[in-house]
Amino acid sequence: MRFAVRLTTTLPPEMPESQRDDLLAAEFRRGQQLVADGTIEHIWRLPGRLANLGVWAVDTPETLHDALASLPLWRWMDVQVEALADHPLGGAVDSR
Amino acid sequence: MRFAVRLTTTLPPEMPESQRDDLLAAEFRRGQQLVADGTIEHIWRLPGRLANLGVWAVDTPETLHDALASLPLWRWMDVQVEALADHPLGGAVDSR
Amino acid sequence: MRFAVRLTTTLPPEMPESQRDDLLAAEFRRGQQLVADGTIEHIWRLPGRLANLGVWAVDTPETLHDALASLPLWRWMDVQVEALADHPLGGAVDSR
Amino acid sequence: MRFAVRLTTTLPPEMPESQRDDLLAAEFRRGQQLVADGTIEHIWRLPGRLANLGVWAVDTPETLHDALASLPLWRWMDVQVEALADHPLGGAVDSR
Amino acid sequence: MRFAVRLTTTLPPEMPESQRDDLLAAEFRRGQQLVADGTIEHIWRLPGRLANLGVWAVDTPETLHDALASLPLWRWMDVQVEALADHPLGGAVDSR
Amino acid sequence: MRFAVRLTTTLPPEMPESQRDDLLAAEFRRGQQLVADGTIEHIWRLPGRLANLGVWAVDTPETLHDALASLPLWRWMDVQVEALADHPLGGAVDSR
Amino acid sequence: MRFAVRLTTTLPPEMPESQRDDLLAAEFRRGQQLVADGTIEHIWRLPGRLANLGVWAVDTPETLHDALASLPLWRWMDVQVEALADHPLGGAVDSR
Amino acid sequence: MRFAVRLTTTLPPEMPESQRDDLLAAEFRRGQQLVADGTIEHIWRLPGRLANLGVWAVDTPETLHDALASLPLWRWMDVQVEALADHPLGGAVDSR
Amino acid sequence: MRFAVRLTTTLPPEMPESQRDDLLAAEFRRGQQLVADGTIEHIWRLPGRLANLGVWAVDTPETLHDALASLPLWRWMDVQVEALADHPLGGAVDSR
Amino acid sequence: MRFAVRLTTTLPPEMPESQRDDLLAAEFRRGQQLVADGTIEHIWRLPGRLANLGVWAVDTPETLHDALASLPLWRWMDVQVEALADHPLGGAVDSR
């Protein structure tokens, strides 16, 4: 099943630069793993903010929770999750 | 450029069944064309409502407007549009 | 998988009484079927309004959409859907 | 009487790991007690967040307040409470 | 148990005057009954609108639902309901 | 004149226990005075939160401001104030 | 006592021009009376909309309700009311 | 002085096509006049909706009101108005 | 031109009393100047909060900005600004 | 392509004056560069707040993101971005 996941990160402006860099680098590496294992199917940046919109494919809602909770930036994130269903036009998309 | 497009349709409950069926069929056919010409790259249904979330790829915002305004259900739709940027993880997605 | 489903019905006050009664009766019968086949696991009324909160168990989001769209009152409903995951305390609930 | 209770916890990201672990463990133990004594009838996790939706059964609103205020994480929680009434379909649920 | 109940009525401006008068008179008579039987403990008008804030005392949420649904204006009302608990200062109020 | 007053207190979770206890005790004593002098006519707790709904009777809006500003917890409070008018059903309430 | 009153009128676009003109003229005459008797102390238009912000001076909230309900456009209005208190700077304003 | 003006038009879907075309054509002609006389300094379409964002330059707020009220579609519009001040970077813009 | 200005101040509860007193006193003195020079035409307190509603008369939006930014409490304020136009009833107010 | 960009800055009131001045000066210099290279086409201050509304012209959404993220105040900003399309009246504006 798929979820639209909107992640917005708010880091305190006064966080030391090195901690900020480390967190963002760790987040990127974890993101690469989630892309590689097929959890993150699509991801786009929402321009102007530390935010993105993704489509996550998981076997169960529990797996989705664990994947999101595994993000190094999770404690600084606002997370919005929305279940997606196949759309009748989806067949046309896949066979394009 | 890409846009996240959220379309929510509200048809009056008292609309005659045949008009409703005709509109939904016309909408589906127009949707197939927009998929076929690559405008609608992705589309998912938001379960429980006459609503969907799509990713539309267009050359310009003007093209996006014309494509949305061409939908037979446009006059009954609430339209929300959000510009998307490439995400650094996108390369990993594409090469998967 | 389970969804929290919040259904709020708005019938036009001027709807003829017989149509209103028929719709509510048909809705109740469809609800009984969805309870009987295990789709609606729990349902509570939100007092003071034509509204309820339910927990729906389905195999896929597509099934959830079809079940909701099958409700006779669907065209008059505001539908809010939220995916649920098992909670760590759930084991304690089940073994109670 | 029953209440739908939605609990969202916001812990400061900079809280020491041991304090966080202790709080979450104490919360879990208190939750087990509330399940065991029948206060928490149902509970689901809202995936992606430190949040849950529960159905709490209490004799009075005062008891509900005391139960919620007894949670170790209460001071970090946003609490939303909604009274529930029996639904006419409830008989069908119970006799299923 | 007690509920804070906020009722806001929206009558279509074009409703015939006699129907409007009849509805408001019927609503007032039903209100008198609910005051007389102790259901409505307190009621205040929200000035400038066809709206009021009341405190309703009922044995169960189901009774609250039935009392609200019995109002002649119910189909034109927006209803907001909020459970109330005794406040520690209440003893001081009662013994005043 | 009367006001519906909704008070929601947010104390920082890390406030020392003794300061928290002192503040809550001082607030309770001030509340008792306001009940005794007839300012607070009614008060109910909103279960699950450090919050209450009250009906305050004052001679002027200036008096209301001073009474609220005299609360020891005022600096930690979100305050919502709504003017109330007599309701035509009020006579029935008073003569009950 | 004084209230900030925000009035927003929504007339159906298809209302016949003569009915619209009559209503607006009647509203203006009633407004002149309320200015003349000192009820409306100040009034400003919110540019671009059929809307205004006023300061109404009345003896009681009941009088405010009656004055607002006497407006010919009342049934088409959204009414927002907010109690005002004297400000410490008010003395400086009055003696200016 | 300048205002950011956001105009969103909602035409009933069942409006006859010829009336819709006439209204849109009249609106366009009036818009051309307001551009020609310098009232509308800038205007952009908000893609996907019958909506635009403009910067209107007027001598007084009263002129702004009259200009907006002169739009043939005004009765079907939601109008949002926001006063603008010169920005310190504006000199750089003008001398570019 | 005139603006409705709504100012809501949020001072941290833990601010030392002397700093709080100094800030409030400086704010009052600056307010007196703005009343004296005719910038603040009207001002009312919103009872129960550190908040007020004022009508500010200025030559330009730039002057409004400078006047607001000159307030000693500006950095702790939420500022809402709304342009006002003369109302047709204004003549009646002025000649009263 | 163009974007309406609304930037609202919230600096902690207790930030040292020199740091605040340095940040605002750096922001102004970066703004001058973005004006000079044509990224910021228009910019207006929203009076009374540390906020502005601008129209930014960029080749891609990625460029917009980088330009915004390059602002010295970016970590203290709330950023709202909205894609703009040409309006049919635009030709009239350009040839004015």
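Letters A, B, C, D, E, F, G, H, I and J mark the chains in the order given here, with residues in each chain numbered from 1 onward.
One rule holds for everything that comes next: a residue touches a chain if its C-beta (ideal position, glycine included) is under 8 Å from a C-beta of that chain, and two chains touch if they have at least 3 such contacts.
Please read all numbers here as calculations on a predicted model, not as lab measurements.
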If a chain touches subunit A and subunit H alike, it appears here: B, J
Pair from E-F, A-J or H-I with over half of its contact pairs in common with I-J: A-J
Gap in Å, rounded to a whole number, between the CA centres of subunit G and subunit E: 27
Distance from subunit J to subunit C - Cα centre to Cα centre, in angstrom: 46
Approximate Å spacing (C-alpha centroids) for the pair subunit A, subunit F: 44
Contacts with two or more other chains, residues of subunit E listed in rising order: 3, 45-47, 61-62, 64-65, 81, 83-86
Pairwise touch network: line, ring, star, complete, or other: other
Contact pairs between chains, per stated definition: A-B, A-C, A-D, A-J, B-C, B-H, B-J, C-D, C-E, D-E, D-F, E-F, E-G, F-G, F-I, G-H, G-I, H-I, H-J, I-J
In the complex, subunit C residues that touch subunit B: 3, 5, 61-62, 64-65, 68-69, 75-76, 79-81
Touch list for subunit B against partner subunit C, complex: 11, 13, 45-49
Subunit A to subunit C touching residues, read off their complex: 1, 3, 60-62, 64-65, 81, 83-86
Partner subunit H, residues of subunit J touching it in the complex: 2, 4, 28, 31-32, 35-36, 38, 40-47, 52-53, 55, 82-90, 92-93, 96
